[in-house]
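Below you'll find a set of structures to go through.
Next come two complexes built around chain A: one with chain B, the other with chain C.
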Partner chain A sequence: MALAQASHIQTFMNWLRELLTGDGRTLKIRGGLTLPRNKPGLPVDNNIVSLNVPEHIVIPLLDYHHKPVTPCVRTGQSVSTGDKLAPGIIASTGGTVLTIEDRPVIHPSSLLAPCVVIATRSEQINQQPVHCALDVPSIARIALCGVRGLGGAGFATATKLERSAPLGQPIDTLIINAVECEPGISCDESLLICEATSVVRAMIVMMELTACKRCVLAIENDKLLALAALKQAMQQLSTLSKNIDVQLLAPIYPSGAERPLIERVTHIRLQEGRRPVDQGVVCINVATALAASQAQEGYPLVSRIITVAGEQAVNAVNVRVLFGTPVRNVLEQTGNLQNIKLSRVRVGGPLSGFDLNNLDTPVTATTNCISIEAPLVTNSPDPCIRCDACSEVCPVDLLPQQLYWYAQQDDLDKSTHYGLNQCIECGCCDVVCPSRIPLTQTFRYARSALQEQTQAKQRATDAEQRYQLREQRLSAKAAASEAQRKMAKTTLTQGNDPIAAALARAKQRRNNPDSDNPA
Partner chain B sequence: MWFSLLSLVLGTALAGSLLAWLASNSGPVVSLRKIAKSAPGNSDDAPPPVQRLIEVVNQTLPQTQCAQCGHPGCRPYAEAIINQNAPINQCPPGGQSLIDELAELLGRESVPLDTSRGDNKPAQVAYIDESLCIGCTLCIDACPVDAIVGASRQMHTIITDQCTGCELCLPPCPVDCISLEPASRTLDQWRWPKPVISKRS
Partner chain C sequence: MNQLALDTHGLTQSPRTIGAIMGLVMLALVPGTIAYAWAIDSRVLVNIILAVVVAVCIEAILLALRGRSAKPAWTDGSIALAAWLLALCVPPSLPLWQLLIGVFIMSAIGKHLFGGLGHNPFNPAMVAYAVLIVSFPVTMTDWNYATSTQASQSTNTLSNSTSPDTSHAHTGYVSNRMQWDGLTGATPLDRLRYLQSTYRSSSQAIPSQTPAEQSVLSSTQAARLIMQSPWLWVNLGWFIGGMYLLFLKVISWHIPVAVLSTIAILYLLTGLFSTVPTLPVLPALLSGALMIGAFFIATDPVSAAAGKSGKLIYGSGIGILTFVIREYSVYPEGFAFAVLLMNICVPLIDHLTVSVHRQRRLPQETTATLSPEVIRRSEPESKTDSQVSRRS
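Let's look at the complex of A and B:
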């Protein structure tokens, strides 16, 4: 009852705030940057081009935390689309397992990771519908079909939904994230324009799946074509889609980041270390929602839309690419491979992405954009002038200059205190810094140092525990053998000495040879 | 008269709190005042009991259990530091950073590492050359953290995740089939490099 009242008060307050601030239904995140939208090298139309299946596809055997997982296929084994290669990893096409070996993967380091290399079959197989078990519960179906977050982090969608209703936390708001705030990426926008009806259907499916009260599609207000397509699709499905709200957001980077978006849409500020689902909110990327709804019909997630763009791109285009296709192959098929040596290939957007060192790395679920940029000229940074521009743009309200001070001194305790773990690494502070200080890079460094420290501490605790257990075992063993020796000694001293008894018996036999047979 | 005055005051207070609530929605996550208030500082309590102190020192030690310090393990060394005033620079795996940390913790003077005990090496892991192993089980007995599996006359192998790189398995091996290699960096252990900032004159 009290809860219901609270939600009424919340609604009233929202209405009042909208009335006072006067910006109607368009929400703005805190901080952030308004970046130029129409820079050169963006796709000219919103068509999605399908690429040919390459000869070999390479599937990395890594989990969400980039930890290697054990494969459950062998070299020479025949696999078909959607087959399990390892826990949580499926084959994106049919073929024969050529080899399982270490190969370069999409990662800021140049390290190798174990991968399954599949020689694809010559005939097109990835079009056919799939055999994933339809008799399992809907969330398990999502897991079986290998659905992961296509927004950028690649978190397993089934794990995200598992904690929600009907089993766990009831879900108040389901946010479908179509805010593609980073300039240069347009894969979700083109998906909305080309497949608006399927997206709306997917949202209806997701609403049923999470049993949520309210479904919000968050999108920027300048994506007019996508909005028009969406409106048309929702009118077609008006009876089913009446519970879907379209929430417009001002085109500010990074409105699409999960935490700032949830805060703007639901007015819930997530505490550090808490997941959105704990507060009754689930936020899912629009393409992920589509994949999850297709998984309900047994279609595994085997491909995604990638924006190939950038200043030096010859042919900027949105393409549908099978997971495991090497980046080189994507560039070749889109006609962007010439003069590539003179450019810088970046994965995942101009601000939040990283440079790719090896073009033979395979595309994964998290590869939303491949941008071809001019080589970077870096000027060495100047000292901080304490202008505070970084704090003004920080979307999660940190104090980047303070944080930088501690992070570059390796003071991890103080860095944590200043919210290091809340940094979403959006790169806004880097853009505005007049001294060109590599703030985000330093925060990334400090974060991974913190992670390493935690891992080392965990290893030390484990080693200590094992040492203690061994000591206990050895001392117990020593005590047992000591006790045995003591017992033997007491037997000897108490007179029932078996040796003496044997000697006595022998003596008796010698004296009395007739009574030799004891029986 | 006073009634209208009272209602005016109440109404203003109500409107004020409403505006304050609206404004509070955009307050910073880490407010400066909060940081200043809860700034980490060592609260000087009464001297902790010896057992707790040993525990703290033990947690600071790297738990390699390598016995290079002359004590049979990390906990015995921690006990010696507290009970027998043993020098704090005897732990090669911990290196200078451990000495500094212990010095600050115990209020002792920081001294350089005693290299007669060994050198500070980067993280390492033992590997058994399985083609040479004869299955004598001597290394299994020597391993302080039970990180070697195997049985008599069966091949042995190291559980890499649990190996502390203490080198205690090397001397007992009769066929010298164990070697120490630098711990390999997998992707989940990789860390971003620290940006190099050249100082301008």
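Let's look at the complex of A and C:
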């Protein structure tokens, strides 16, 4: 359906559908908050400024699970844009590898992780394709160009798409996620305003790539500028874009998160531990879709749009930043570095983000927003009075206050039972808590503890497996030599005993000394 | 945990603090309290003020003794609210020293023995009430308030037909001490209990009754007992306050609705099947401590069950127990004990409702995710993992 008829009628129809349809679908939006729309820094003249490339960039060698990966470059090696640095990680610009060492990366607990430091060659972000353009879109190209989810988690897009292919799981719905309900963040909106036509083209490419039956662009109904740009773009490309459904959603945070969004768009409630693709749904961020389609033309994913905003931001703006640029450099180039000591720099939005302790941490694919906020007035939280305000706003139906109770006690089993792994860390519960308990922070901590525990368990299992394999190997070896020995023994006992034969020969020699030199 | 700080950046309206929530609940208590002071006994105001002031002092001292900041005693308002509720629950004529003992028990045993605000498994006000009614049964059941009612006088003349001796045997201490005249000030439920017991004893003593004797107590009369009592105004006051809390979403509807609907259904059933005349539904809901209990006491979040289904179970449990205590025990009203008994069940309810909650979300396809095919599918991943770890 074209956007022309989409606006009010469709909102109403959606509402009616949500109200009326039954058949095992969810009817109402669970939890969530309606937050003020506070989006400074939208582009003014349809132009997003690209920041200059700093002298040194830092690329963390971490995969989606924050596990270190093995680099495939050496110190001193010269790399160019799009070169592979490690599995799934590409160089965002050309230069020389200075060193590979542990550096702070963007992480709630300012973790150190192995990073490749590159001394850059050019001042500008590379705008040239580095691979040839493809006629038929391919998933392999997406992997080659290092496309990762630009929405939140940074999952490798190629892997996401591949998951559907080999299992023969047909994709029913492709959701392009342009929902950004969190106040302050406006990078996807800026992208839509400035590059609506490319986005619509990208959606068509993605439809071709996933062979989906239906493609839905989910967007909030209060993004007026973006909607206007989109409408124009879809009218321009009306022949191609007629299969794209635009679904307008009421701006309820956190609709932009994958699971709540899928629930709102398709009315499918994803069960615990199941991936969207199991239900025939693929959900891709709008910027990721654009990057994946540009990958088909040969452009590697080396930069993203970042919102610099916040209460104390001097200059709220959306800018294109090369991956690996230190946060300090971004603040400097956007003119926000004055008095930064007096403020608090936060990565991600005001609700879902976290404070950054070190400004030299590099920007990655998942950094959608850098917000500069007033320093915290530390208030120790009051005790929980079990008022259940948190469970009312939880978008994934958890009982945060109960979960908090166990997470605080490090009771990880019980926390898992209460759904720790399903927490999407949206921060809604923090906002409504009358006791000002930092719930999300506690859950994040418990989750990392759980992850550590799982990894330790995995390591132990691996070690055990290796030990068992070794034991097997050794026993097999022992058994083989034993068998050989046995065979030798049997040949000994059966008739032609070599010792007896030798003795007989010696005896014969003694008896007939003449026949010493046999002919 | 204290180093972890939270911020919401003034993005949203800052959430209601605990103090604000408690303040709203106290505000909602005002209409009922005014009705109480006006229609029943103005001494209640003295009790409330005294209880609140002493409770805040005791709370501050206890907090200081526990090495905490004493400030929450007057900022979070929880103890003031509990003291207010306790003062409303006890008879206005209760000697002040007994009330103060109650206040001390409420703060010390009901709350701080368990770890203070948020950790008490029992409703502190109800703990104090239970201790008081067991320790001082005479003064705690002496509702000898100033105003006497038309209804009580009318029933008084009616019940003159039965002998006072039987009442002693069957109403326990409720009317033990009270001489015949003292009953003029009893609460409607006390009176109903008395009338029911005399009804029962008379029907046992004289199996062949005359129709005139049967009409000693009818359910319309029981209803009149409630509806013509000045307590009606007080209960309407609690109801208005409760509606205000629901409107402000300070409390959720689950507990009050569960309590009141359970009581209503049980009274409906007994009205149909019981041999002893009992209350019709509407007077039953407006009698005793039900209104203040359902809206103000059972909804105490700390000691109540969490989650929607948990709250419904908790509320209906309170309803059933209140009904059972009212109808089959020596106490004319059993809300406090019902709340305490259900408080004991809260961990169990929480545990069970979470399991239900999780089962609903867990797929039936759990078996499918563990099928050999899927395991085989996940094998390559684990293999690469082990390869990585071996290499590193």
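Here is the rule we use: the second predicted complex is superposed on the first by the 407 of 519 C-alpha atoms of A that agree within 3 Å, B and C clash if a C-alpha of one lies under 4 Å from a C-alpha of the other, contacts with A are read in each partner's own complex, and residues count from 1 in each chain.
Keep in mind that, in the parts below, a residue touches a chain if its C-beta (ideal position, glycine included) is under 8 Å from a C-beta of that chain, and two chains touch if they have at least 3 such contacts.
Here the structure is a predicted model, which is why all the values come from computation and not from measurement.
Asks: Now for A:E482: first (chain B), second (chain C), both, or neither, which partner does it touch?
Replies: A:E482 sits against neither chain B nor chain C.
Asks: Let me test your reading of the model: by the given contact rule, A:P381 touches which partner, first (chain B), second (chain C), both or neither?
Replies: In the superposition, A:P381 contacts both chain B and chain C.
Asks: Answer with first, second, both or neither: which of chain B and chain C does A:D462 touch in the superposed model?
Replies: both
Asks: In the overlay, answer first, second, both or neither for which of chain B and chain C A:D222 touches.
Replies: Once the two structures are laid over each other on A, A:D222 reaches no partner at all.
Asks: Which partner chains sit in contact with A:G419 here, chain B, chain C, both or neither? Use first/second/both/neither.
Replies: Touch status of A:G419: both partners.
Asks: Who does A:E373 touch here: chain B (first), chain C (second), both, or neither?
Replies: Once the two structures are laid over each other on A, A:E373 reaches chain C alone.
Asks: Quick one: is A:E297 in contact with chain B, with chain C, with both, or with neither? Answer first, second, both or neither.
Replies: Once the two structures are laid over each other on A, A:E297 reaches no partner at all.
Asks: Please work out whether A:R30 is in contact with chain B alone, chain C alone, both, or neither, and reply first, second, both or neither.
Replies: A:R30 contacts chain B only, not chain C.
Asks: Go through the superposed model and pick first if A:D45 touches only chain B, second if only chain C, both, or neither.
Replies: Touch partners of A:D45: none, neither chain B nor chain C.
Asks: Do any residues of chain A touch both chain B and chain C, and if so, which are they?
Replies: Residues 67-68, 269, 380-383, 397, 399, 408, 417-419, 437-438, 441-442, 459, 462, 466 of chain A touch both chain B and chain C.
Asks: Which stretch or stretches of chain C touch chain A in the complex?
Replies: 1-12, 15-18, 20-21, 72, 76, 78, 116-119, 252, 301-302, 304, 306-307, 350, 354, 357-358, 361-363, 365, 369, 377, 385-386, 388-392
Asks: Write out the stretch or stretches of chain A touching chain B in their complex.
Replies: Counting only chain A, the residues touching chain B are 13, 16-17, 20, 30, 62, 65-68, 105, 107-109, 111, 113, 267, 269, 380-383, 396-399, 408, 413-414, 417-419, 422, 437-438, 441-442, 444-445, 447-449, 451-452, 455, 459-464, 466-471.
Asks: Show me the residue ranges of chain B that touch chain A in the complex, using the header's touch definition.
Replies: 21-22, 25-26, 28-30, 32, 35, 39-40, 58-59, 61-65, 73-75, 144-147, 162, 164, 185-195, 197-198, 200
Asks: Could you pull out which chain A residues touch chain C in their complex?
Replies: Touching chain C: residues 33, 35-36, 38, 67-70, 167, 183-184, 269, 271-274, 310-311, 350-351, 373-374, 376, 378-389, 391-392, 397, 399, 401-402, 408, 417-419, 430-438, 441-442, 458-459, 462, 465-466 of chain A.
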